[in-house]
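Following this line, the structures themselves.
Same chain, two partners: subunit A is paired with subunit B first, then with subunit C.
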Partner chain A sequence: MKKNLGISLLLLLVCVATALGNPNFLIPYNAENLLNWVSLYAIIGVGVSFVIITGGIDLSIGSVVGLVGTMLAWLLTKKGWSVPAALLVTVILSAVIGLVHGLLITKVRLQPFVVTLCGLLIYRGVARWLVHDGTLGFGTAYDGLRWFSNGRIDLPFLGDYRLPVPLVILTVLAGLAAVFLNKTVWGRHLFALGRSEEAARYSGIRTDRLVIVSYVLCSTFAGIGGILFALDVNTVQPASQGNFYELYAIAAAVLGGCSLRGGEGGILGVIIGTALIRILINSINILGIATQLEFVILGVVILLSAITDEVIRRNRGRRQLKTATPTG
Partner chain B sequence: MKRRHFLLPLALPVLAASFLVQCGPSSDGGSGKKPRVAYIGNAIAPFWTIAEKGARKAGAEYGVEVEVRMPQDGATDQKRMVEELLTRGVSGIAFSPADPKNQLDLMKTMAKQTHLITQDSDAPESPRLCFVGMDNYQAGRLCGKLIKEAMPDGGSVMFFVGRAGQLNAKERRQGCVDELLGRPEGERHDDPPDAEVKGEKYTVLGTRTDEVDFAKAKSNVQDTITRHPEIGCLVGLFSYNTPKIYEAVKEAGKFGKVKIVGFDEEDDTLRGIQEGNIYATVVQNPYQYGHESVRILAALAKGDKSVIPASKFVEVPAKAVKKGDVDAFWAELKKLVQ
Partner chain C sequence: MSDLLSAQNLFKQFPGVRALDNVSLTVAHQELVAVIGENGAGKSTLMKILAGLQSPDRGQIHFEGQAVVLSGVQAAQSLGIALIHQELVLADNLDAAGNIFLGREPRRGIFIQREVMREKAQRLLDQLGAGFAATTPVSELSLGQRQMVEIAKALSLDAKLLIMDEPTSSLSMRETENLFRVIAGLRKAGLSILYISHRLGEVKHLADRVVALRDGRNAGGLSREEITHDAMVRLMVGRDLSGARPVEARPPGEVVLEVKSLRTQAFPAHEVSFQICRGEMVGLAGLVGAGRTEVLRALFGVEPPLAGEVQVAGKALLARHPEEALAAGLALVPEDRKALGVFLEESVQWNVALTTLKRDAKGGVLVNEKAGAALTEELGRQLRIKAASPDTLVGTLSGGNQQKVVLGKWLALAPKVLLLDEPTRGIDVGAKAEIYQLMEKLAAEGMAVLFASSELEEVLAISDRVLVMHEGRLSGELSRAEATEERIMELATGLSRSDLG
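Up next, the complex of A and B:
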């Protein structure tokens, strides 16, 4: 909890500053839109945090989002599949992608960077080839299904504020992820493995199996995110759908306290990190700051948070060293 | 030995993939003697899918083999594609430069080795033989007239586009701004895309770009509605922008209060016009771009230079599609792409 304090304060600060700058920030319309986007991006962020905790990386997330979105639109509109069948197949496809990543990394001993970089290229290419680079739209025939990505649930006592459905989906998925990570022995093993794979293996943890599971979870979350992104924008362009989303996900995970060296991270932090990124973007737009500066501001904030994190860690380490050294 | 088994599940997807590739679409028929011409777009979009159909139709009509290339990454991919095509040997290229000013060298190389014409987006300083397309500035003027019709009492306008720096986006936007501000026909200004321009009745608030990320295209519209709740008209400059505007305005429950005008003929745009929730769209004729380009290249390949007009401009004019004529236009479009 302590770890997320800094970023939570920053998030609050950005919210307050934006609301003061433009009171429309708080109107239901903007709040719902924001929560909707935060939820979609946070789902893929939660996925990648598993992999980052093991000390790995997944660069293929954006392409998985693209491939799954394309596949869903293709199966539904071109092949006439039923909705449950198409959803099932796309989710299984993303899980299989994660399985292949995990096997290549643990059994063939390839580096995660290389495996998932190749994945990034392959899935993007397959998506484009599948539909000959055409844009596929869901039209109006799937407005019911689209409720999952842009539906709103009326809440009692909250007036005009409604609950975006993706937020519910995120809450369920993140809840499961948090329980897995913090309350099960596999979760503890995952952290141990991220700290030192060798030490974990010598303590009898089946590290290979855990690494595979983390990649399967990562790709599956990316796939679920991909489905929701496709439904939300209602048209899928295989060449651009999800481009660079892995970087948003990784940035959110890092902002939220995951260490790229492995062994550290938490689900809540990733969600707050995602929220910070999305709210910064929203804030830039509604305050009328030059939008060309968007990436500059994002980059600076992530850099500052990384620096703060490192300084705090070093201080803590020094303090621990002091108390541990016998003074007498 | 047991360790070897893991390779099997890894090998299967690869095998399956290579099998799929075998059954995939084949790029050329490889039928011997026909001259080969190339048609190069500047992005991957439905617009270019329609253009491709026109190009292939003309290929069949005029007895040439047509190589169609669509770049994912604008100018960078185009360079590679051109180099590959020149190496293979083509007797003509119809090129849509993604970045005309900085692709002059590339176009000079093409013109030296083969017949070069530009289409969709022109590069007047290049040694191209002619340009097939519309005048984007005039199309912008037409769009401006439509905004005035949709919002006769005046109001504020925001533009949405993938890349504000791309020439056709710039010209469309400028034509629109000049028309809204009541500047006379011959007068062509150069307003920066993100600056607010105030006229007597109409105010142009600026331009939002999304780098062709659809999610961003939509959230840009949402943020604009939040920042300017009283905005009068939202304008989509690239084909996919208009459906994304439609989506966001629909979710905001602002149909009727916020007018929508756009470019190009995506299904969702046409559907919005049918419903009456999108006022109008300015359409080019990509099918005709493809068809005319290949017709000209085919003639050039056979040594017939009479197809090049003295003005070096083969015009395929833009037109407006509104509620009254959307059904007829859509039916015609469907027939064309079949």
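Up next, the complex of A and C:
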């Protein structure tokens, strides 16, 4: 929790600095949009944190976002499917993708990096092939559906500000994820597995099943994110929709305290990490900093956070050494 | 001054721990001095200082009568002090010769003279009676052979003093005997040896003199004639330990574990059959690699058996996963405690309650922290786990207390059969006795206990019955009355003791 405190302070600092630099940062339009984007990205970030806690990785998230978005637009506008059927099929598709990842990793014993790297290539390719690289738009026919991705709810006590619907969706999903991780037996087992898969197995934990579940959850969250992203932009370009999103998600998880070694991480941290990334990008835009520097700033912030984390970890280790029983 | 090495009044302070507190030590020419002490007594720190890996805060070291400063490994090596590490540190991808001369390869210009290097290395290895070629890749050598490479390396440096840190901790009995022969040869050749070991039997066998450390201080010494097991334990622990051995064998109850024609993945051609009764404590003896660990792992479902019939309390079980074994009433305390037994970065309660999470869950789903706390409290008292609080990280506990955490994790499930693999490996003498008492108590309460151990003293001290394995087969079974060191060794080696020479 101390870790979340550090990154929250950084987030606050960026917000205050940006608000002072450009008052437009806080106007309802910008704030609502920003929260909207934070929520969409945080959904896929929450998904990937399950996998990262197991000590794995998912590089295919961006391609799943692209494939699901393309599929949804294609099924609705080209195939004339009903909304519920199209939603159901795309969500099931993403769950199946996760299932395949999980099976390849646990049963065939392939490395997660390799499996999901291939996924990254395959799903992107399938999306482009499906619609011959054409751009698909939802037009105005699905404005009702698009409420989920860009709707705003008026609340009496918020004044001019309105609550973005994706934030509500994120809150529900993140709440479920947090309960799963922190309160349930499976969550505890997932952390055990992330610490040491062998030791978890020796403790009678069905590690393979848990790994599969975590990949299914990751891809499903990516699929839900993919639907919302597609609806939000309203026109889907299969070649670019969701590009790099896996890296944003992983970066957010790392910023938020997930260890790529596995066994560590939390939902709140991932959400704050996502917020920091999105708000930094927004700040760069509205403060008039050269957008070419966007990745530089992101990279430096993540790097500094990783360094701070490591220094804190080492100091903690040293402190414990002082109180520990010496060995040898 | 006739001493080869004389270290006087060494002090070394680590954050929060005084590792060495006025320690002195001398080694004469051709002498073998054994340094004994419990974990944390300061043995390793002392050795590291003498090998140049660490420098003392205060104190003087004389080598061959000269005051010396051991500023680094190189400085120590150039004087003639070489350390044989506990964990052997060799480059796996090079051959034996390449390792012996690593960094000091005979060269012509920028090119290594491989032939010259190999010849020299082979001569050193032959001198040790190593019996393998200097061109063998290290990755293909056994642990005992790797040790020979390390020793050959020390010889190539013209070492006068060899420091051996737990040299037999991962050797088979045969390799251990070979090592003893090599040590005898080295001493004849004029080397002095500082020997650190937990295994008091070895110390008794080898040492000219014993130096004991306790809590970073000199705790006394024993001359050759004074060395006995009890005397050493008294020096290390500072008190007498009552033997864990019960007065008489317990009357066995009904059969709880029945194993018929079990075939493991490691030894598919051999079948293993045995029975264990309620309240019985059975030792599983044998050399390293005899298949003891494999049998335990097969029973527990970590490495599912190929075939066979296993019954636990009358119910058939051929576990494909530890979860099934647990459900049937089996539990396994694994050999590699740090990697497989506990989660070092998690708390005592987290570890102890891990196996009961499901059973105690609220609504079958939510972790019940209260139940976990109560369980930890209860087991902590019962097992006398020494930890500041249930939130203490297991990684900060001593080996003995970590092992109690592993035991606690299983006892929470009240298993019918407890399997233990090397239950006291890397645990100091005082804590060993406590682990034995716990095992005794569990057997007395009706649990069937099967433990694999490489330490014959241990097997003889606490077993009601001894099963001996040799190359994947059960080579014999000895009752408590029949079991002697000689009989077990005969069965474990597949030959009679006299053949060993």
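Simple rule for what comes next: the second predicted complex is superposed on the first by the 325 of 328 C-alpha atoms of A that agree within 3 Å, B and C clash if a C-alpha of one lies under 4 Å from a C-alpha of the other, contacts with A are read in each partner's own complex, and residues count from 1 in each chain.
The rule is short, and it goes like this: contacts are C-beta pairs under 8 Å (C-beta built on N, C-alpha and C of every residue); 3 or more make two chains touch, one makes a residue touch a chain.
From a predicted model like this one, the values you see are computed outputs, not experimental measurements.
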Contacts of A:185 with subunit B and subunit C, given as first, second, both or neither: second
Partner chain in contact with A:290 - subunit B first, subunit C second, else both or neither: first
Contacts of A:196 with subunit B and subunit C, given as first, second, both or neither: second
Partner chain in contact with A:12 - subunit B first, subunit C second, else both or neither: neither
First, second, both or neither for A:88, with subunit B first and subunit C second: neither
Which of subunit B and subunit C A:135 touches, first, second, both or neither: first
Comparing the two partners subunit B and subunit C, which touches a greater set of residues in subunit A: B
Which of subunit B and subunit C A:24 touches, first, second, both or neither: first
Subunit B and subunit C footprints on subunit A, overlapping residues: none
Sites on subunit A touched by subunit C in the complex: 183-185, 187-189, 192, 195-196, 198-199, 201-206, 263, 318, 320-328
List of subunit A residues in touch with subunit B within their complex: 22, 24-25, 27, 29-30, 33, 37, 40, 96, 99-100, 103-104, 107-108, 126, 128-129, 132-135, 137, 139-140, 150, 229, 232-241, 243-244, 281-282, 285-288, 290-292
Residues of subunit B that touch subunit A when the two form their complex: 3, 6, 9-10, 13, 17, 24-25, 44-46, 49, 70, 72, 194, 208-209, 212-215, 217-220, 222-227, 229, 240, 243-244, 247, 251-252, 266-268, 271
Residues of subunit C that touch subunit A when the two form their complex: 14-17, 19, 39-40, 43-45, 300, 302, 321-323, 325-326, 332, 334, 339-343, 345-346, 354-355, 357-358, 361, 365-367, 388, 393, 395-399, 401, 409
